[in-house]
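Think of it as A, B, C and D in the order they're written, each chain with its own count starting at 1.
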């Protein structure tokens, strides 16, 4: 490897000038800590101010935004998380189950194997939509969202890129999750710029391309996460919390009713039958 | 590898007798599915019956128990999950951050790397305590928990094994999470056999060993998960959902304020300085 | 988590007594290092003494034993490694391929997912056999291997455990790898105590159980690795180097001729067809 | 997730037209297989034609190129592999060691955690250089490599991208691996277009940028892998085989002389000392 990133450090190491005075200052975190008679998370006393008071969803929100969600934000956050927790026997769920087949003694490894595959193909749309919308607003402002939508779609098309968050191979007319996300956001007064922009983007895209594509559930989820205040750089991460719940459920089911071993055996039989 | 587990399948493959009629019957899951105009999770309509109605904690409970939690179970489940979400710059959090240092383009890989290390040393106590308590009750019954505690502790000591869930290197007098778990369980009327048994086990252990060890937070959490109805074989899994939230938070922080690169650079400098 | 392992450190942290004087002494490794005009591996100059001089197999041997292999040891090491590199579309290879399906941008993640599943079920026999044989010799000596074999088999049977390294679901009469391992070891003069003991173990086992099981290829490989001087605690590790070669090959094939996506699609179709 | 990739399959699933006739044809691999009395790898008989005949390096070459290497290709392949096996206590090695700290029962998981971090930052240069050189030749031909170098460097600079394979933070005048790679390639008669092009690229870059950067060892390795016939899409993969050897060595050392636990304890102490 070229060790490119070591540059400054190496300069330092070889040069020897005094990093020692401050050498410990990187060893800090706001996420959690402990002392002899206390444990803290997010700067709060864990037993007194977190246990019994915050749900896991609320703690997740707190940890990535450093604020408490409002009840409305909390409800929409939960709705998006549960909408992304599982989609059946996906490649990720199958990888987790097959890993459990080989190493049932380490369930955390099987969950990890499932998460590794939640990459560009299957995690993409939620994070991609969030980045597309956040970038569009950063560049073109939120004063005139119609103009922002038009410019963003044109830029994307000029660059030869797909507009993320639109279209679905099965739900060609409507993704059943999308109207529910918009309905909940409206109920909670959270129909903010990103969800609105996504609707305008869909309309502009239909106009420019002559092809009407519905907003998919992943795109609506990505927009909603921004509208409840999740930082764009945390969108891909929080989705993983939801997906871990789905993967754990698959593995609990796998222990009782295996898919991995019979799947392997059938594939092996077919592969060697020729 | 010896391919030991392939036995029945191989017999089948070589023998050729007709598995074909039933060959698809393993490809089933209750966790999630979809049709042209619907998406389901845990057998329920995702947009109509899950989104906006269940929290991520409630869905996790539903997925591993196939029942809805009562409000009390839900509250105690959340309390245990948030108590296990993070413990600062643990080996697992450091491994996740160092993985992000090398591959920032794949946050899911960094989370996965963190989870892989949640093994016997750091995930152990919660799962071990749950298994110890569940086994004790399965063997010796819940009619006389004092007797069950005595027998279980004696069996463990006879086998030369540590009694799990007791003792803590820092919190030598009391783990601040433990009284909070018991307090919440009492408030919610959930002080059931496993939490009770763990207290009796601690007392028997002090009596037999002459050394009073407090119940640690991990042990109390494991007992509480059983008392709210989490199956013993799902205890290690559900803890991972909580831990994923903590790891994601570490990685969001890492992107803004790196620990991985300066840690590496300091270690590298020290290693090569001799 | 109970943080049990933090005991000494925590005592130290809280107590505050001076670890500072020696705080850097753990940051050392013999594996590799670099200075401004040199790079070393295993204490040798990488460009001058390793590149062009050692094969990857020889470097692996050097790194885990801290000695150079003899040509005979090198040949047998390579033979065992190539015998364990691949076994077709195993659960591990399928997990790697399915992970690539979801995250083709991160091939290292797909390899990692495949490795995670190389656990007790599929990596077991090689490591288990090595541990069984090494323990038997440690306990009962190598002076009378027949006696050692008898005692080891009896202990294993008394404990209700399977004797590792024997039996194969397909190759019921003979595993084709086993005679080849013995043949190569004989050719190279490496038929040492562990390979010999394994043959005696197979004979004792047949005698005691009344059931003749052939030595499987994994067991023979584990014994051979010990006889060429691989430390027993490194056996599970070195097998992973070989398996990585197989997994990489599967992923290069997967990119050209996908198995993951059609596998998923067929499973998904079956799962939702009911 | 939007399930975009499911399109054709879903069309198929919903449409119901007969995939059954050909449903098994994806379950094929050339990598490995077995029958009742044989095991094959790369289409060859494992015991007869691979064990005792091919080194792990040769099998790796065969598996990704489907050809045997010449002795010269084999020697240069080994030289590049050993040059990339380890670089001391890198973030990847530290992540592997810290994972072992938490889950010593699953060494394959610790290796996997180390591999996951071999991403864009630390695996990048080898694969990036290979892709850059292969693309340059595909676009501009190998007839006039000087012109190809000039065009490729200009395109890269016009796109605002760094030219990969050049420069090193420590070895500012010369990376000690690079002359050795060129020397070995010359000795073996393998100084082919990619290694030559890389030298021309370095010269053009120095001319255009006014800044002379040495070819780094990762870049030279990437070029050499192409010159020995490794397909460009397999470059990132084969490097992982070498890196696995390094990671396994770190973990064997870790078991005897831990870095992970004291590293954690020192970081934890510093983090909580404020």
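Note that a residue touches a chain if its C-beta (ideal position, glycine included) is under 8 Å from a C-beta of that chain, and two chains touch if they have at least 3 such contacts.
In this text the structure is predicted, and so the values were computed from the model without any measurement.
Farthest chain from chain C, judged by C-alpha centroids: A. Equivalent interface to A-C within the set B-C, C-D or B-D: B-D (over half of contact pairs identical by residue number). The distance from the centre of chain A to the centre of chain B, each centre being the mean of the chain's C-alpha atoms, comes to 22 Å. Averaging Cα coordinates per chain places chain A and chain D 28 Å apart. Multi-chain contact residues of chain D (touching two or more other chains) are listed as 5-6, 8, 14, 27-29, 33-34, 36, 87-90, 101, 103, 105-106, 108-109, 112-113, 116-119, 121-123, 170, 217, 259, 261, 263-264, 266-268, 271-273. Taken as a contact graph, the chains are fully connected, with every chain touching every other chain.
By the touch criterion stated above, chain A contacts chain C in their complex at residues 14, 36, 88-92, 94-96, 98-106, 109-110, 112-113, 116-123, 259-261, 263-264, 267-268, 271-272. Note for the complex: chain A touches chain D at residues 1-8, 10-11, 14, 24, 27-29, 33-35, 84, 87, 90, 103, 105-106, 108-109, 112, 116, 121-126, 165, 167-170, 175, 216-219, 266-267, 270-274. Against chain B, the residues of chain A that register as touching in their complex are 5-6, 8-9, 12-13, 19, 23, 26-34, 36-39, 41-42, 46-48, 50-52, 54-57, 59-60, 63-64, 75, 78-79, 81-83, 85-89, 93, 106-109, 111-113, 115-119, 123, 170-171, 174, 176-177, 179-181, 183-184, 187, 217, 231, 233-234, 236-238, 240-242, 244-246, 248-253, 255, 257-259, 261-266, 268-269, 272-273.
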